[in-house]
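Multiple structures follow.
The following pair of complexes shares a single chain, subunit A, combined with subunit B in the former and subunit C in the latter.
Then we have the complex of A and B:
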């Protein structure tokens, strides 16, 4: 008995191949550039491979490490501030019968709803009056407005997914409202909150436009460094920086995928 | 003198001993005229209830009757719009649930999924800042009491329904509450486990001398477990009494039907002195019942249980007054079935259908006579 070849697989194979190329082509190009010493038109592959640009990036004069430090510092502050706001806000939105609950959730989307550029130009103008331009705090505030959507929406969903009776059981055992929240609600919501923290962290790590208008040139984050290097035609530096940015994103995505349970996801935005 | 006190105490330990003295002056838990509103909807319409120390009271009613609302009001999760809740004479109406000295066992058990069995049971003790060794000892004791010895390190997700139920009960018992509140804790168990857990809970409650309020929609569960049953209907108390009281002396048509007297016949009667004289009708004989202080005249609803009557072949003059004053109905068998033990017959009595059990079966189409003894017949004025 001969296995019959299914002709339908030919268009499917082509479609999958194109999809893979669209996703992995740029990534492969990026990886190639990070180990390139010399590569110019019309050559298909680099002429010389090496790690001299890595040494350059990680050298004390290279800025990359200090930018990475600034980026992580800003992202961490952004996470703390966002979650500090999102935990009480999310709990209130999930538990209390708030009027205009839907409107409040929608209002958090507004910074994303308008074109970024005019928004940030105006934020920069306002921040200039308060001396926030070019400060870490200014950049953190911009990132928080951006990250708060994820933080509040996911926190609301995480708290909504918790059965109210679990909290009532704590009250019945003699816990005050705050103690019950601390001992029961927060630990059960922790995976969801962790996922939202990771989203906010990555969002902040990647953010370019707002950082550029509010932070540059005094605050240099990794995306800004990447932009400068890319604009200067230094593809090796740009690619290595991009790779550094990519690592935490991919690592965290695996974590998020594990922690964000479907019962929480199904409540996002409700 | 002393001996009589001890004797009295001993007597009080017996089932229903406390409550049979009637309404108490020093109730331990009191609900006074509690009204609870959900929006415009009045869920409790002025409920009064007194529970004595050590008593087991069941709140019985169909779904939506307000029994869970009443329990949650006692626990402090609902605030009554008016009225008061008192524990040992102290008004707790405004107190939050954690300040009431009560423990609630939830229908869903509400075990904390991130804590082990030990941590679940010990949580209330940890809140009371007890030393670690004391907590451990108490948790071990509770586990032994409930047969959970080997399960201390497990998370609730890895327990069976019956085990979860016992952990929930253990968590509530660990804090030695003044009042134990149970919200249908048996309804999620399968039927066979439920029967044993019923007895376990009542035995524990008696042994520890805890005052307990138990919500259920299961008539038999309430009868078996409680010293006193409170039947709720539509946000109001329909009757309060011992299991024998509510079963044999239902105070209203609703209670009679709820307690299983589902067969309904319409009669007409006149009260003369202490006798209710039931007039003969086209399908019933004349009969006499004692009035017991009631004045029943005009159209009546008569209710009886299918298992407390006698079924026989229709004789000659069945509709004449019988010597014992009991009521006889004449009807035709329409359907028979054998649910086990007794034969069940659906009998057409005029326009009405009644269900009657009998040790022998009567074939379909046969004319039969149903004898209802006076104590099995519940009479209420027709609304």
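Then we have the complex of A and C:
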């Protein structure tokens, strides 16, 4: 137990240091921009710090608050719809013997197997005919299509990770099929389903491309606000908006393993 | 032990006694043995229930993804209502350089993502120092759920000619102000993709590596194999499928991302995603946009085919 120095920490330290710089350098840069009042070349750090842009963003006149409201509203609707569709589908895919199960899974995987930009372009054209362009409902439908794949995958994985015998034990005690599902299967799958709900919520909150084609300019979510502010060269507003989107994403990253145990995670996509 | 034999008995009893095949059947048919024991009778209704449970989700995907996908393909051949290859001629005339650019960027990013995630996953699995492993585990995942649009914004300010990265290098004496260059071109896009996607693939990969049988690793270690050799010869072959799936999902994601090319490098040459958005916004030119879309579909479908074949093979087990 002497204080002998482990020389292997030198290469380890260098490697971890480089990685930390690569990951946290850009993030620190974002934080600096959110509190920058003035910053120009050749100054390494901002010349003047302050929160005047924050006041700007969160002022009642500022459009950040209304964008945040729109984003959260759309994301909540997306979660309700996606899980409402994904829980029965995931259960059926995990537990029941379906005809053409392979084909159904294939169809549900397609949104992940093809680039979705051409699809969004054409959805926008179809929605235009039905007056769905520029409406909240239109944006929610696009987000649901995108989120559904993850929701179904995670729900299927969560249900197939549950020991069947628990369900059968409930059935053998005389519980009905629905009651067995409600009292036994659903509570055990709940952490996985909650994770998929959070994930779908975040995906919707962060979605840019579909909203850009279907929602803009009538529906302004946070990512669209971030894009417009950045395109206009207003890096402070863009960075503050980016930070608002960043915080829930990083928080989820830290808690995801509590919800998605590795046995569920290893079944995702299978 | 006991439970298993009990359920078997219950099954035999249940299939005789319960008159409603739909509610009962839905939760049965599961064990192969229960199927043989008499579940066969309920085969049809279970199929029907299963189908009804899946149908709404399936309908959304078909109506809102597959139908527009098909119309993007037919739209690519549509010039003024007639079948024509005109959109493709125009697309190749205007954007052939961008197509090559896109493919190069995405392939290069995929290769780097693969390399870095193997390094990260490998160290997480085989690393000998628990503290270093814990630090790595804590650091590498940060970008996992950061949205692309935020990545674009972060890196746009970080990688610029006068951005924080160059400023730090200059301050540390690693670089002179004159040699500072902007990374906001193809390199910026590659950096953004690798930064964002590596944690995703590394997470999948380290999960798969953690679940492989440790005894083979221990055996190789006892025979004196070094860790690099264990990683390449023993661990990697067992997680090949996961690596492939992760990389293909990343490939498709990168082919769909609009915000990163728009924010980091919108000048020519750029990625065809940015070109598609430009055709729509500037000219409402759906024909050429769809032709570009079909080209990106062809690029990914080659890759997606590998992936689907892999998953189908696993499902059929």
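As a working rule, the second predicted complex is superposed on the first by the 250 of 270 C-alpha atoms of A that agree within 3 Å, B and C clash if a C-alpha of one lies under 4 Å from a C-alpha of the other, contacts with A are read in each partner's own complex, and residues count from 1 in each chain.
The working rule: a residue touches a chain if its C-beta (ideal position, glycine included) is under 8 Å from a C-beta of that chain, and two chains touch if they have at least 3 such contacts.
Everything numeric in this text was worked out from a predicted model, so none of it was measured.
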First (subunit B), second (subunit C), both or neither touched by A:32: second
Dominant contact partner of subunit A by residue count, subunit C or subunit B: C
Partner chain in contact with A:188 - subunit B first, subunit C second, else both or neither: first
Partner chain in contact with A:58 - subunit B first, subunit C second, else both or neither: neither
Touched partner set for A:128, first subunit B, second subunit C, both or neither: neither
Partner chain in contact with A:165 - subunit B first, subunit C second, else both or neither: both
Which of subunit B and subunit C A:246 touches, first, second, both or neither: second
Subunit B versus subunit C as contact partner of A:212, first or second or both or neither: second
First, second, both or neither for A:179, with subunit B first and subunit C second: first
Contact residues of subunit A, present in both the subunit B and the subunit C interface: 165, 168-169, 171-172, 176-177
Contacting residues of subunit C [partner subunit A, same complex]: 3-4, 6-7, 10-11, 14, 23-24, 26-27, 29-31, 43, 46-47, 49-51, 53-54, 56-58, 60-62, 64-69, 71-72, 75, 129, 132, 135-136, 139-150, 152-158, 162-165, 167-168, 170-171, 177, 195, 207-208, 210-211, 245, 249, 252, 255-259, 262-263, 273, 276-277, 280, 286, 289-290, 292-294, 296-297, 300-301, 304, 307-308, 311-312, 314-316
Partner subunit A, residues of subunit B touching it in the complex: 75-77, 96-98, 102-104, 106, 108, 110-114, 123-124, 127-128, 171-172, 175
Touching residues (chain side subunit A, partner subunit B) in the complex: 163, 165-166, 168-177, 179, 183-184, 187-188
Of all residues in subunit A, those that touch subunit C in their complex: 6, 8-9, 12, 16, 19-20, 22-30, 32-33, 40-44, 85-86, 88-89, 91-93, 95-99, 101-102, 104-123, 125-126, 141-142, 144-145, 148-149, 152, 164-165, 167-169, 171-172, 176-178, 180-181, 202, 205-206, 208-209, 212-213, 223, 226-227, 230-231, 235, 238-239, 242, 245-246, 249-250, 252-253, 256, 262, 265-266, 269-270
